[in-house]
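Alright, structures below, take your time with them.
Next come two complexes, and both contain chain A; in the first it sits with chain B, in the second with chain C.
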Partner chain A sequence: MAGSRIREIGIKKARLFAFIVIIAFLLLPFIYPRVLIMRTLNTTFIYAVCAIGWALVGGYTGLFSLGHSAFFGLGAYCLAWLYLAYGVHPIIGILLGIGSSVILACGIALISARLRGVYFALSTIGILLVLMYVMRTFTYFEWRGAPSGGGIGVPVAPELMLPLSTSYLLSFGIVLLGTYFLYKVEKSKFGHYLIAIREDEDVAASLGVPVLKYKTIATIISSVFATIGGFIFASSTFHLNPDLTFSLDRSIDMLIIAVLGGSGTFIGPFVGALIWAPLIEYVRWNWGATYIGLPKILSGTVLLLIFLISPTGIVPPIQRKFLKRKKHGMIKNA
Partner chain B sequence: MLTLIITGLLLGLIYALISVGLTLQFGVMNLVNFGYGTFAIIASYLCYTLFRAGVNPFITIIPLFIFLGILGIFLEKFIFYRVKNANYQVMVTMAMSMIVVGILLQLYTATPINILIPLTYQYFNVGDFLQIWAVQLYGAIASVAMLSGLHLFLQKTQTGRAIRAVADDEPTALLMGIDSKRIHNLTAFLSFGFAAVAGVFLVMMYSLIPESGGDYNLIAFIICVFGGLGSIKGALLGGLVIGELQILISYYVGPWTKFVSLFIVFIITLLIRPTGLFGLKRA
Partner chain C sequence: MLEIKGITKKFGGLTALDDLSFTVNKGEIVGLIGPNGSGKTTLFNIITGLYTPTTGKIYYEGKDITRIAPHIRCKLGIARTFQVPRPLPNLTVLENVRIGALCRTNKIEVADNMATEVISFLNMIDKKDYLPGELTGPELKKLELARALATQPKLLLLDEVMAGLTPREIDDMLEIIKKINKSGCTLLIVEHVMKAIMPVCERVVVIDFGKKISEGTPEEVSNDKKVIEAYLGREYVERK
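== the complex of A and B ==
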């Protein structure tokens, strides 16, 4: 009884804290509109949206997908490339992007029905590589008299670009929605099904969980998040390139963010993005040219340390500590 | 046409050389190594450095075999032995390969490297219908020699029998008095050594960048899955089939199918026979 009351207080405090953080992020573009900070945070939120998508599949359902940047790239390309090459209206481009991602997600879910663990991770890498080669080969078109697309990459039309503050608020809004969605998933029957599938697929199936159905739903929702990340990315950058959008590094970034924060917790991807995205972007932009190997060394070291020391990420231990201290407080009061 | 088929076979033998270490690691050490290709690339870069210093690449094969083998023992002792969960193994080995790629990028930049010496960069013409690339021939010969040596070692010697026992059933092997840690170390030595030899031949055949390791890793994995993870026969046959397919399809359809064809083989194998041709167990 008392314990639950203490927990209630803890949750209330956490809610207040979350409220203050949200208000601070929302007011930032009006109070302190510095381009550098806003751009960094915008990138962070794009990473966070993708990581939320990854966490739903990798953290809750236990499918270690390494091909999530395929959805990201499909989103970015359907928006920017179709508009520039064929004059497809952006809204139709967005619908097409989501549609193609959903189809790909269904394919990946079907693969996951037959393949587990390592084979699944390998086949997602394979899908990503195949898509990258296809995009490199088949997206050539002529733009202003010069060849464009393919391995050269696609410039983003100026009409598609969002102003920085709009992009910032949009991406933050989607991060909030995504985090709230994960929170709801964690509490719902759907989330419990997913966790049951993660813990033991065969036992879950034998207890009557429709495994394939829920895997498919989770993969589709997750793909939509990654695709939305791709849309925002395309509308806040100048140039798309198959090697950078359909890259394994980007998938690994999503994975690092989700796992660093704690991929089985709803707040994990957001926390992970706030830590990892500014760090890696800073390293890439400032030292990436002089020390080309540094970003890779950093990513690899962090990934290695996470999996050797604490595969659950940083949020669960903090949560546990927080609750423990509360418990001690309760004993003292009694 | 004949040239294409022979080239495919020779390439397949070299692919078999790449994959056999991976299949050993999976079979004996229960390790899913996603960084295997990158460890082969370490040998390529070391060979390239020695070559720039004036050493014949063929002389470097044995020292690099030993060097990478010792590196493998260290990694097995300090890292691989602790990680048992297959998903975590994927992440840990991938993280290690990223660190290696980063260090190589830092030291050698992203400029492609290649070793061109007259001994390897020539073509043997047989009549006017068959043309063989010298380095592929040497690589194939080395591959056949090493694979048959490994086969004899595993079949005829006491240590080889112990390795096979550990691969079959580690707890029982332990009960029979086999020091499984020693066997793991020996396997790590052998498999990383094979990676080193493969790396030396790769850098004589193709231009490599540090990230190429990922591509060869994928090829090696697909070969192992096709032939059955853990089976040396499977690695040989898988290498031959995949090499042949890759050469023929990319010649007749287009170079962009290089990975698409492999991937289709991979998916079909896993859907029809998940254990591969000669595989006994699944990951």
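== the complex of A and C ==
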């Protein structure tokens, strides 16, 4: 019984800590508006939004998707390119972006009904690569005189750009919402069923879990998060190209962030993003051009280290230590 | 309650089940026995919907369920255990059973209560926070049973729940099976060891190479020449 009291105190402390962190992030643009820090954090939050989406599918449902940057790219291009090329209103662009992502998500969910494990992961890479090369090869693909930019990419219209502090607060707000959403999922029947599917699909089905339906819902919600990440990205950058948006690297970043933080925990993607995003962005900006391949080496090494040291990520061991949360069933009669 | 009509299942060139038919009546305990590889587990997979039969139909409470998805069959009241226990490995005993209970409720707390009830019924309450990896073989079999029971089945399919148990544990399990049956649940039990299910079964169906070779009370079946032949070989019968 003593254990549960310590746990309650731990939870209270954790809540207070979370509250302070949230307030600090919210006040930052007003008390310390350094552009470099805000820009880095804005990028971090974009990564976090995507990783939250990835965690729902990869962490909870056990569908190891490597194609999530396709949703990101669809979001960014539907918003920025459609506006630039055809003057499509941003709100319609956003709706089209979400719509196309949802259609793609349904396709991916259907694939997951047929392919499992590694084969599913490979098929998502396939989808992503097809989309990326389509975007890349059709250089100045013209339809009614509008260029797609091909591999060179397209500029983002200045009207779409959000002021840095707005973008920062918007992306942080979505991260908070997303984290709260995952928290709710963890405590719901929906989340329990997703975890059951991750653990063993056939058993889940025999226990009354509508496997395909839940996979589809999870993939759709997940895709919307990644698409939103694409929207914010497009509205806080000057230029888009397929290698930045539809890239396998970006998918792997989502995976690393979720796994590093703890992909089966609601706070994991946020924690992972706070660590990984500034690091990889720094390396890419400063050494990416001189030491080509260094970011990739770093990604690979970190992934290897996570799996070797703590396959469940950073958050679960901390939870265990400070919240006295039972390591599943390890603490007996605490 | 359950009617199996002319079920044939082929895997490529192999015929696992060959025109198999029998029925299970409401409230019965029916045993399904047969040597290794005779198609017992395949039949379970067909009844629960993991496989679709090549030909034939399955009726449950008068309804054709041959092509219905597994999770709907569970909702209709068909539950099963797996021969080799397949616990959800990263979830505790309680959490495992909770997934089953969520079939009948949307609230986690309600499901927790239902799961706890089932776990205490199986005398496993002290293990409820253990992970499957920390359980012994017999406990894993009980976990399988608990999870299936939590879905509140009307028809329960048990796949060799008694294999690997000591005689004492078998007696306990038989008591549990009788209790489950008394609460109004129909049971179809696959067992490799005939002796284990003879005391509880009213009727036994014997299959060999996917065909029904005998059906009747445990005594009738165990004296049937075809059954002895299937288990011990033709020579044994002829010598007798």
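Throughout what follows, the second predicted complex is superposed on the first by the 308 of 334 C-alpha atoms of A that agree within 3 Å, B and C clash if a C-alpha of one lies under 4 Å from a C-alpha of the other, contacts with A are read in each partner's own complex, and residues count from 1 in each chain.
In the analysis below, a contact is a pair of C-beta atoms (placed from the backbone, for glycine too) under 8 Å apart; a residue touches a chain by one contact, two chains touch by 3 or more.
Please read all numbers here as calculations on a predicted model, not as lab measurements.
Once the two complexes are laid over each other on the shared chain, residue contacts for A:Pro210 go to chain C alone; chain B is not touched. In the superposed model, B is the one of chain B and chain C that contacts more residues of chain A.
In the superposition on chain A, A:Ser263 contacts neither chain B nor chain C.
By the document's definition of touching, of the two partners only chain B reaches A:Thr301; chain C does not.
Within the superposed three-chain model, A:Tyr291 lies in touch with chain B and out of touch with chain C [touch as defined at top].
Of the two partner chains placed around the shared chain by superposition, chain B is the only one that A:Arg136 touches, whereas chain C remains out of contact. Shared-chain residue A:Ser188: touches chain C; no touch with chain B.
In the overlay built on the shared chain, the residue A:Leu248 is in contact with chain B alone; chain C does not reach it.
Residue ranges on chain A touching chain B, taken from their complex, read 64, 111, 114-119, 121-123, 125-127, 129-130, 133-134, 136-137, 248, 252, 255, 259, 291-304, 307-308, 311.
Per the touch definition, chain B reaches chain A in the complex via residues 32, 79, 82-83, 86-92, 94-107, 109-110, 214, 218, 221-222, 225, 254, 256, 258-260, 262-263, 266-267, 270-271, 274, 283.
Contact residues on chain C toward chain A in their complex (touch as defined above): 48-50, 69-72, 74-75, 79-80, 82, 86, 88-93, 95, 98-100, 102-103, 106-108, 111, 126, 128-131, 134, 147-148, 151.
Of all residues in chain A, those touching chain C in their complex are 187-189, 192-193, 195-196, 199-200, 202-211, 326, 328-333.
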